[in-house]
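Shown next, in structure tokens, is the structure this report addresses.
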């Protein structure tokens, strides 16, 4: 009975976190971006600095009419947001917040995370195709191409750190982490983070939804709650990416003074802030630049990191 | 003397080679009129000069032979020309019976040789005028020379194979000359017919030679004649030889080519019908007469053939409208006389008639040529009343017709008399039949000669109403007497035609001569009576319903066509159809069958890879199941 | 091997789960080959692969399961969708996704199923394997690959490289063959 | 776990893949069906690996290899399919009949402008250019 209770508690915590953290990140984006652009951002909803703006947005989205284009493939169109969202929820299950503080300890956790995150892209492709809109299809194809390109550096960088730790378990990696891994795995960290951004289709890698070129890409035809789900998936993705980067490259809960889970959250939010920061700072890449960055930038760098890791590993052993 | 004989034979041959190769040299290429004329002139010299030389040599040979004290013999020429010579130039070893290239000149061959060279020279001279405007005169005269050479080879040959060579060359030359105006399809057909029909006889002839040669162990005529050959073999050999004789001498049943051979130029007709080709057959029998005498059945057959041939051909001649065809059938008839003489056992009478016939028939043909040359048509219905416009030709042809009818003192009277007397006195089983036919033929001969004479030279003139000349006939019409080069030969030939008979005047059997003379005059008189009644009309109408049959030569051609040509053609068609439908059909059918089967197989080969994989998997499953079930 | 082989009934928990996943996998596979919409086929393929990954999990082949998800769902299907889009698949039903030899295909497929089923049921009807968690974890598998199977692994990497180059050469129109 | 369960599932999956390969005319669908067959094989491999308790994990390792090969195969296969599509405007495998003996019935007369290349239907004139 205690086991069942344990599992139930863990799941509830995770669902709560899954609902809460993206909201916080979204609100942070609103405010941080506004301040970086020398404006106030949302100020009225909820009173203090418009803290309930995103909730209000959600209510507004929920109220909106659910429009599905006549030519669309209705079922695929309807499932697509879910396919985009659910993988991140699943991924959250295996991300440790502290020692033992994890939804489910999977032996090959890192692998699991990468595999499931790859599935998320399917949502974008499905949405793009099912909309029966040529901009959407273009967006879907861009999403697919982007995923194909960035999956490789992402996995390579992740495998570098897995190699360093000698395990695929996320908890194990975080435990093995030492401070000098920071310089050692720096390249891998950058590659992982950038590739993760690209996989999330966050600016400056948001070609699939590039509004100035293809209106809104995969999301052109989406309104209301489904659009909200896509937005939620995006912010959940930011949370997952930040958490993964924190666990893999920044030691997870390791840190002085403060308790482990707090450290984790701090690292996650710092990274989320960086994500927002990057969005505001960099212009959107062109499609060919995007591919070029992956294949002649990130992949060789990741391979370099892999070699470096291997060499150091052998030298230490 | 052999070199002289060889020279006599080779001179015309050289003339032929020179005429063929040299007449256009060195300006052969351009076919301008001036070139043609120059070539014709040169060809004429090439033809006539060696011919003259050959004639002179032959005469000298004759004089030498007459003076020599010969071995003698029963024949009259042995008395006239006793000298004989024989020489072998070379011996060709064949592995069995050797061929000796032997020439032989004796009384018989010298006599015939004189006839040949005289007629040949006359024809050559005559042709200069007759063929004046012909573009192919050069080859024409060269072929005549070659023809003469071949005939002389036959005459002087001392070996049967050598003789056969000349015999065959003659056949070739007759083909070439009859088809001289090959532009007209009928002419080339006539040439082919002459060639094929004589060739049919030649097959028998060749095998006859082989039989004789094998039996005697040599091809030399002396050896053959002196060899002791069994009678059966002799009969076989002579029967085979008879086929060749019938072919070359246009005897029944191979006579059909000769009337058609009139398609050639008239001088050629004179040459073929008077002196050379047809004479060759009679000459061969005379030459090998001892062998024939040893084979009495052959002579009997020859007699029957001659009897049928002389009367039938004479009747056919009576109904012809074409002057040359009249003469052609007349030739067949007269040759049958000679054959009859031979069958009756008198080679002397036959050769005598051959000589006189050669003279007067050449005369008649050359005269007919002059008439045709004058009128521009072969048909007697286009002639008439010509005695005033061409008196010289009229005189020459009158002599010729007189000789043909056997009127004294023309030569034909004596020679025909000799033949009839020989027949009368023979002891052949066919004698009564032969004698009756001979007498009847004398009457019919008188009739048709009279008819031709009257139709051509008397009666109303129809010259003015002539149409344009047709191809295949003489093609110049100038309305005057023929040129001198044509008249001279007529004049020259008229002399022997008139006088040659007196050579044998001592041996005339006056009784039988009187009978035949009366019969001949009777025939002529009937015709004259009919003609007097209506000079415009053809006296041949007296034949009544029989006339058409005579005109068509008793339908022999039609019969041959029905009996031989059509069945063979049908057989050939059948063979062709069999080949096309059965043999080719089998080949094509097997191909089509293969294609069809492969088409069925090809259905699977449709490029659809899925289908292939389906088949593959199905097969795999079957094999698996089989392996499990059977294993 | 345990000396005592449990019977087919009642099925154990993993067996129930496996059978359910198997049914899902087979059903979605059937839809893949029968659906008349191209993109749906790809999506059903995702479901099929996912279910198969679940099967692997039940069979304790954990690592293989995640590789299945990573490569098949994350890469292969995305590639297939990419291809479908590039070849301008229409939305909605396509009338002619099946070729003419459909019935032959049905026959052959049924025959294949019959043969295979009869063989495996006859051959392995009594076989039983107790499930032992941890057998397919990353560690034993990794050590096996890089110790025992390292040579095939290297050969495979060369093959992969060749395939990569080949795909690039084939798909790029600006690379021409030697004239 | 009774081994017969995964093996039966595998056999059925394989048969479904066979049907797909044989019956589908779209080349990409055929590729998908091939993947199904490969997966059936993988399932078999895993099942037998578990059954035989292979210490070297030959079955699972081979499964991984098969997955890798499948990825390579799908990459190359799609490249070929796209090249075909670029040239022909069609990826229907039953219309790619250059291997056919004689004239393939699908070749319309007006498309025989360029030998060696069977352009299908009305797309013949707007091919290439990509």
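Chains here go by letter, A, B, C and D, matching the order in which they are written, and residues are numbered from 1 within each.
Please note the rule applied: contacts are C-beta pairs under 8 Å (C-beta built on N, C-alpha and C of every residue); 3 or more make two chains touch, one makes a residue touch a chain.
None of the values given here were measured: they were computed from a predicted structure.
Among the other chains, B has the CA centre that is most remote from the centre of subunit D. When every pair of chains is scored by its C-beta contact pairs, the maximum goes to C-D. One simple way to say how far apart two chains are is to compare their mean CA positions; for subunit C and subunit D this gives 13 Å.
If you average the CA atoms of subunit A and of subunit D, the two centres end up 34 Å from each other. For the pair subunit A and subunit B, the distance between mean C-alpha positions equals 121 Å.
Once the centre of each chain is set as its mean CA position, subunit A and subunit C turn out to be 28 Å apart.
Chain contacts: subunit B has residues 608, 610-611, 614, 617 touching two or more partner chains. Annotation for subunit A: no residues touch 2 or more other chains. Across the assembly, subunit C contributes 63, 67, 75, 79, 82, 86, 99, 101, 104-105, 108, 112 as residues in contact with two or more other chains. Contacting chain pairs (ordered by label): A-C, B-C, B-D, C-D. The residues of subunit C lying in touch with subunit D in their complex are 8, 12, 14-15, 18-19, 22, 25-26, 29-30, 32-33, 38, 41-42, 45, 48-49, 52, 55-56, 58-61, 63-64, 67-68, 71-72, 75-76, 79-80, 82-84, 86-87, 94, 96-102, 104-106, 108-110, 112-113, 116-117, 120-121, 124-125, 127-132, 135-136, 140-141, 144-145, 148-149, 152-153, 156, 159-160, 163-164, 166-168, 170-171, 173. Subunit C meets subunit B in the complex at residues 99, 101, 104-105, 107-108, 111-112, 115, 119. Per the touch definition, subunit B reaches subunit D in the complex via residues 602, 605-611, 613-614, 617. Those residues of subunit A whose C-beta lies close enough to touch subunit C in the complex are 71-73, 76, 107-108, 111-112, 114-116, 118-119, 121-122, 125-126, 129-130, 132, 137, 140-141, 144-145, 147-148, 151, 155, 168.
Considering their complex, residues 608, 610-611, 614, 617-618, 621, 624-625, 628 of subunit B touch subunit C.
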